[in-house]
Each structure stands twice: as structure tokens, then as C-alpha cells.
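Okay, so chain A shows up in both of these, paired with chain B first and chain C after.
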Partner chain A sequence: MEFSWPWEYDFPPFFTLQPNLDTQKKQLEAWRKLVIDYCHHNKIFVLDVQESIPLFQNKTIDRQLSSEGIKRVLEILQENNQIEWCDKSKKQCFVYWKTPQEWGNLIYCYIIDKGMTNTVCTFYELTEGDDVKNEEFAGLDKSMLLKALETLEASKKAEVIMFGGSEGVKFF
Partner chain B sequence: MRKRPGIGAIHKQRVEQERFRGKATELQDNVFEQMTNQMEKFRTNLETFASKHRNEIKKNPAFRKQFQEMCSSIGVDPLASSKGFWSELLGVGDFYYEIAVQVIEVCMATSQRNGGLITLGELRHKLIKARGKAQHHQNISNDDIIRAIKKLKVLGSGFSIISLKDTQDSSDVLIRSIPGELNADHTEVLKIAEAQAFTSIETMKCKLKWDDVRCQQIINELIRDGVAWVDEQSTAKTYWFPSFFKPLINEG
Partner chain C sequence: MDRLYFKDKNDCSKEITSYSHTTWKGIRLYDGDSKTEYRSETAYLTPSRLYFSSNDRPAMNMVLDLKCIVLVEEEEGSILRSSKIILHLLPHVSEQHSKPYTRSSASFIKLAFSNGGLSNFKICIQKPLLERAWEKHTESSSTSHSVAFQDMKNLIDMAKDMVQLASVMSSKIKDRHGDISDDETVKFKSYLLSLGIEDPVTRNACSSSNMFCQHLAKEITTFLLTPISDSGGFMSLSDAYCRVNRARGFELLSPEDFFQACNYMEQLNLPLTCRKFESGVLVLQLQSETNSQLEKDTESLLQARRKLTAFEVSQELGITIILAAECLYTMERKGVLCRDDTVRGLVFYHNEFSSRT
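Here is the complex of A and B:
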């Protein structure tokens, strides 16, 4: 299904950081929502700032958000705990259109549903296997999966282990 | 030799005067009573007329408007009636009160985007959409909406109606739902920006014959009010108005 762009995306001033602070607030909020919705729709778990430029431009109306503008948008996302920088260089970030907690819960519910507690699954099975094709966490980025499993470990619902050379997880 | 008027005469005069004064008062009372009776008669006739043509008034906005105008011309305002004239007539909760509440809802929902400035056309479009789901769906006209808003104005709610032209063409009337000063200069700019949803200093200078300073000041005030946004990526800076931006108006 085609991503449905909000009205702001076709509005030329949306790509100029607004001088009126109240209007700017509304503008940044709209950008924040757009980034999250876009990543959710396209199942983007990690955003590369350089490569994300297409998201911050609209060729049809020949407008592009400046790097200062993009910086402000990412700041807002971080303030809302919706992105997390992968490292200090701030070149890439995790996008939490679902938080690691939410991912963990989704996976755990699936495991309970399938009666798979006390068995071991590989990471591959969990994200790429045929069985999980229709699950929301299908295709989940490995780093995101690890974060999700860490939240489950914290509540003693899972344990990450190595076996036979692959990484896996046991659920309780 | 004639006798000069004595106390008796003066007294008599005074009594006569009293009688006249009393008569005048009596006359005044009389006229007043007649007037009151006439008014009552008018009102009763109006109500009879209204009941008789109840369906027409309910369904037909043009007829409803004519009825309203007839009422105002004889000094009767059904909207001001405390007896719930309209609720009795139309059999639903106060018709205009209902519209007024819905107008407030639409304006609140959209003011984030358009800075509290909405065209009458968009307002009516959204009102009809919202009302369509309700059980009692009457066709509402621009006139109905304006009357409802005027009712709100009387309550001092910060609503104002801005005409861009002398017609009641829905695209030429704006409703302002945030209290604020939109003066004649602001309205002039809105008029020229309406068609394309944007304008520029050059266009303002050319069409309004203002100097740079005045143009910049007025546009800055519109920006400050959240009604205009700035686009710095056009050849010359342009100023855009979400209130007139078609994709936003046609959305949802």
C-alpha cells in the first residue's frame, strides 16, 4: 500500500524552518510524525541521516529541508525517545516507531501463543522464518531484536544464548 | 372691574391640568396597550405561519432565510426567543445553537493548521460531513452558519466574520475563531493571496500600491498570528496561507 503523505508535505513552506516559534513548533511536530509514520510504513528500523534526505525533500514541488532543519527534527525525535543514536558520530539512529519494550512484548506473546516457551529459537527463525512471515516483527533488524530481547531478559522472560555457532534465545 | 383670578381659579386650573395629564397618561397607556396587543398578534401570526410552513422552513434554506428576514423586518428575532422557538418549530434541539457548537468543534480541530482562519466553504463542507452521521440531518446553508456564528459573537466568544468581497460567496468569507486583530490591511493581503494560497512582497506592492515597509510589516503580523508561513526556496520569498491551501481544505 502506497504511503499516504500528509498535507504538509505538498506545502512549500513546510521545508523552510519557520521564523514564528509557535508555527515552528507545529511544523516540527508534523515532521516528527511524518518520520515515524514513514519509517513504520516502510519498516525502517535504522535511519542513515545522509541517506534519509529523500524523506526530507519533495521533488514534485522542488523543496528540501535544510540540514539545520533536519537536525532540529531529529532533536525533537530524540527528545521524545523515538530515535536513539547508534554511536557518537550521529550518522545513524534506531527509529522506535515501536519501542524495544513493545517489540519484546509482541515477540513474547507470539511465543506463548505457539507454546514455544522452554524451547530455543535462533534469531533467524524469529525474524526471517516462514512461520513468522505474517508477524509484525518479521524482518526485524538484528540490533533492534537484541534490544527487544534485552528488555525480556530484564523481566526474566528470555535468555540470549549461543549454540552451535548461531545466536539464539530461550523463552521462559 | 373684573375680578382677578383668585385662589379658587388657580385651584381649578390645577385640577384641570391634572385631569389632562391623567388623560395623557391614560392615552399613553392606551396606545401602549394597543401596541402590545399588536405585537402579540404579530407574534401569534408569525408562529402560526411558522407552524404551517414548518416543513418548508426545516428543509429549505432559502425559504428559511426569507422567513428570518421577514421576522427581522418586523422587529421579531426568533433566535432571541427564550422559549426555544426554533426547537419547538423544528422539533430538534435548538437548531442554531447546535450549528454553533459544531462550528466551534470544526474550528478547534482545524485551528492548529490554519491559524484559526477558515473559509466559510471549508467550514460548511466539514459541518455537513459531521452532521451527515446524525439522525436529524437538515440541509444547512452558508446563511445558517453565519447566523449561528453571529449568535456566538453576541456571547463574546472571539469569533469574527471577515468578508473578502461584497458577496456571500462561500469562498469569499473567512471565519476567524481565535480572538485577534485582523484589520483592514490584513484583509487586503488575504484578498490577494486567496486565489493561489500565497503572495509575495512584490505582488503586494504591485496590487495594493503599498511601500516595502508597510508590506513587510503587515505580512510580519500575519506570520506572527500563525496565519501565514514563509517559503524561502521560491525565487523571491513567498508567504503562504494554509487557510487557502486546497490540499488541506479538501482533506478529511
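Here is the complex of A and C:
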């Protein structure tokens, strides 16, 4: 399904960082939502800032958000805990269109549904297996999965283990 | 006596004839207190020299340069001795001329007037000593100095008259405050300004008692009311200034006077007022005219076109680009408009961020 761009995307001023702060606030809010929705739709778990340029430009109207503008948008996302920088270089970030907790809960509910507690699953099974094809967490980025499982570990609902050279998890 | 020297009579005659108007006969010369052989000299006084001639010396006169004289005194006589004039002299300086006395120990000479005229002589000798004409004949730069100072002196004398005239006029104006028409005052001030003289009447900052500023404010308003109304209720201060001065012709206003007068308008409840935009641009605007009319017009324009540049606004509404831009910025600040800023230029849209959420 084609991603449906918001009305702002075709509005030229959307790509100019507004000097009026009230207006800017609204503008940045629209950008925040756009980034999250876009990543959600395209199942983007990790965003590379450089490669994200297409998101911040609209070739149809020949407009592009400045690097200053992009910076501001990412700042807003971080303030909302919707992104997390992978490292200090700030070249890549995790995009939490679902938070690790939300992922954790989703996975755990699935496990409960399937009665798979007290069994061990590999990471592969959880994310790439045929059984999970229709689940939201299918194709989940490994780093994201680990974060999700860490939250479950914290609430004693799971435990990450290594066995036979693979990584797996046991649910309780 | 060693300061006197001999000079050929022919060389002296021209000077004596031109300058010497009084003669003293029967003069006896003393070297210090001692009598000399020169007892019957005729003295001639010129601006630079004292000549002594005698029939005993048909060819030569004796000359004393007046610049040697340091002091002139009168020695009072008694029964036995006549009154004398004492001429105290500068020390001897070696000269080329032949002299009656090569060396003398006395630093003064005395003149006895057996034929009278001592008092007259005493008076007459003061003038050349004061005027020191010999200094004018030297070729040193002191000549040009005195000439230059002479010019300066003349200039100062002339200026004195002008300054006096100016202050007389000023006080007349002050006294007749209000009776003299302000146009005359303006004329007078412009004359003074052209002379480089500051007029005390307008020098003070505009105070409530300053009629000139008040009158000027009214005059500007009357003149500019129609043009400003026609151009959207605004005019930049520089445009206003140019227009007013062009109309006045030669009675030009200084920028300071104009600015002060404009700042006065609000106080006088005139229909125009001076206003400063955030960017620093100064305008004269119609008092009744808040921004609303201009903004309303811009708003209507935007409805029709969906987006606007300052240039388009200035063209359509007949106002300057500066004012058009200021209007757009103001509307942006109010959140009515938002901007699209690219290399192609600055364009304004309705603030759909607000209106569409």
C-alpha cells in the first residue's frame, strides 16, 4: 500500500523552518508525525540521517527541508523519546514508532496466545519464521528485538540465552 | 655714544624729507654724563632713525637707529643744569659704519635742548618706538606674520559685526516671540545656517514651548496628509522628508528638525504619526490607520492569489516595497501568514498550519 503523505507535504512553507515560533511548533509537530508514520508504514526501525533525505524533500514541488530543519525535527523526536541515537556520531537512530516496551508486550502476548511459555525460541523464529509472518513484529530489527526482550527480562517475563551458537529467548 | 654712526647726507635726505616733520635745533650730545664735542646738532626724527646734522659736518650726518633705544627718560634740570633727555641704549654691536666714538663705557646718551623742544621731543619719540617700523623692513618671516595677523584681525573684526547682528536678531525674535511669523524665523535660520552660525532658537531640543517644532509638525501634516492617504496610509520617513523639502524650495529643513517635528505629531493629536517598525524602518502613518486596512488589503490579495511576494503587494497596493515587506512580516508575526523561503525568493502563504489543524 502506498504511503499517504499528509497535506503539509505538498505545502511549500512546510519545508522552510518558520521564524514565528508558534507556527514553527505546529510545523515541527507535523514533521514528527510524518517521520513516525512514514517509518511505521515502511517498517523502518533504524533511520540513517544522510539517507533519510528523501523523506525530507518533495521533488514534485521542488522543496527540501534544510539541514537545520532536519536537525530540529530529530531533536523534537528525541525529546519525545521517539528516536534514540545509535551512537555519539548521531548518524543513525532507532525509530520508536513502537517503543521497546510495546514491542515486548506484543511479542509476549503472541507467546501467551500460542502457549509457547517455558519454551525457547530463537531470534530468527521470532522475527523471520513463517508463523510470525502476519505479526507486526515480523521483520523486527535485531537490535530492536533485543531492546524489547530486555524490557521483558526486567519484568521477569523472559530470559535471553545462548544455545548452540544461536541466540534465543525463553518466556515464562 | 658708540651706537651712533656716520652716514652720507645724500643717503639720508630722502628719508628725512619723507618722514621728518619736526626738527630740533641746538641739541648737545652727552656720552653718558660726559659732554661731547657735538653741541649744536639739529635732530631729525624718522620712524626708524634719529638723525643729527650740523654745519660743521657738511657731508655727513650722525645716525642713531631707534631700535637701539631701550628706554627714554627725562632728567630734571636745576638752576645750574638744564633738563635733558636720556636715551638708554642696547649694548654695542660691531658694525661696518664709521663712528664718532668707537668705544664708549656708557650705556646711555643724553640730549640737551638749548633751543627748547624737549617736551615735544619726548612726546614725538614715543610713536616710532611703539610702532617699531624697523621690524617691517626686515626680510624675516616676521613680516609675513604681521601681514597674516593683519588679515586675521580684519576677519575677526568683520565676524564680530556678524555675530553681533545675529545675536541682536535672536534677541529680537525672543522678545517678539510669536509676533514674527515663523516663516521669517525659518528664513533667518536658513541664512544663519548658510553662514555656519548656529541659531540658538532651534538649538534646543524640541520642548513644549518650541513654536517652531509645533508649527513645522502641523505644516508637514497638512502637506503630506493626502499623499499618505493615497499611498495606503504609510510613507517612509525618508520619502516624506524629500517631498517636504522639495515643496519648500529653498527654505529647507534639516533632517533633525524634520524628525523632531514628526515625533511631535502624536503629542499634538495630529492625524499623522511617526512610527518605527521592528526592523528599524521609520514611517509616517495615518493615525486613524492602524495596520488593519493595509493588512485587510493584503489579506484580500492573498485570497485571490494563494501566495504573495513583497513585490506583488507593493505593485498591487501602490506602496513601497519596504512597506509591503513590513506589512507581510507583521502579519507573519501575528501568525496570519507563514513563509516559503527558497533561493528563488521569499513568498508568503496563509498560515495553514494553524487553520487546518
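Here is the rule we use: the second predicted complex is superposed on the first by the 172 of 172 C-alpha atoms of A that agree within 3 Å, B and C clash if a C-alpha of one lies under 4 Å from a C-alpha of the other, contacts with A are read in each partner's own complex, and residues count from 1 in each chain.
Please note the rule applied: a contact is a pair of C-beta atoms (placed from the backbone, for glycine too) under 8 Å apart; a residue touches a chain by one contact, two chains touch by 3 or more.
The shown structure was predicted, so the numbers you read here are calculated from the model rather than taken from an experiment.
> Once both complexes are superposed via chain A, do chain B and chain C end up clashing or fitting?
Aligned on chain A, chain B and chain C clash with each other.
> Which partner chains sit in contact with A:Q92 here, chain B, chain C, both or neither? Use first/second/both/neither.
neither
> After the superposition on A, what does A:T122 contact: first (chain B), second (chain C), both or neither?
A:T122 contacts neither chain B nor chain C.
> Is A:D10 touching anything from chain B or chain C once the two structures are fitted on A? First, second, both or neither.
First partner only.
> Should A:Q78 be classified as contacting the first partner (chain B), the second (chain C), both, or neither?
A:Q78 contacts neither chain B nor chain C.
> After superposing on chain A, which of these stretches of chain B ends up overlapping chain C: 109-117, 127-135 or 145-153?
Stretch 109-117 of chain B has C-alpha atoms clashing with chain C.
> Need the overlap of the two footprints on chain A, from chain B and from chain C, as residue ranges.
Correct list for chain A: 7, 11-13, 15-16, 18-20, 22-23, 26-27, 63.
> Could you please specify the touching residues of chain A with respect to chain B in the complex?
7, 10-16, 18-20, 22-23, 26-27, 62-64
> Which stretch or stretches of chain B touch chain A in the complex?
For chain B paired with chain A, touching residues are 112-113, 115, 198, 223-224, 226, 229-234, 238, 240, 242, 245, 247-248, 251.
> Mind listing the chain A positions that touch chain C in their complex?
Contact set of chain A toward chain C: 7-8, 11-13, 15-16, 18-20, 22-23, 26-27, 30, 63.
> Under the stated contact criterion, what part of chain C meets chain A in this complex?
My answer: residues 307, 332-333, 335, 338-342, 347, 349, 351-354, 356-357.
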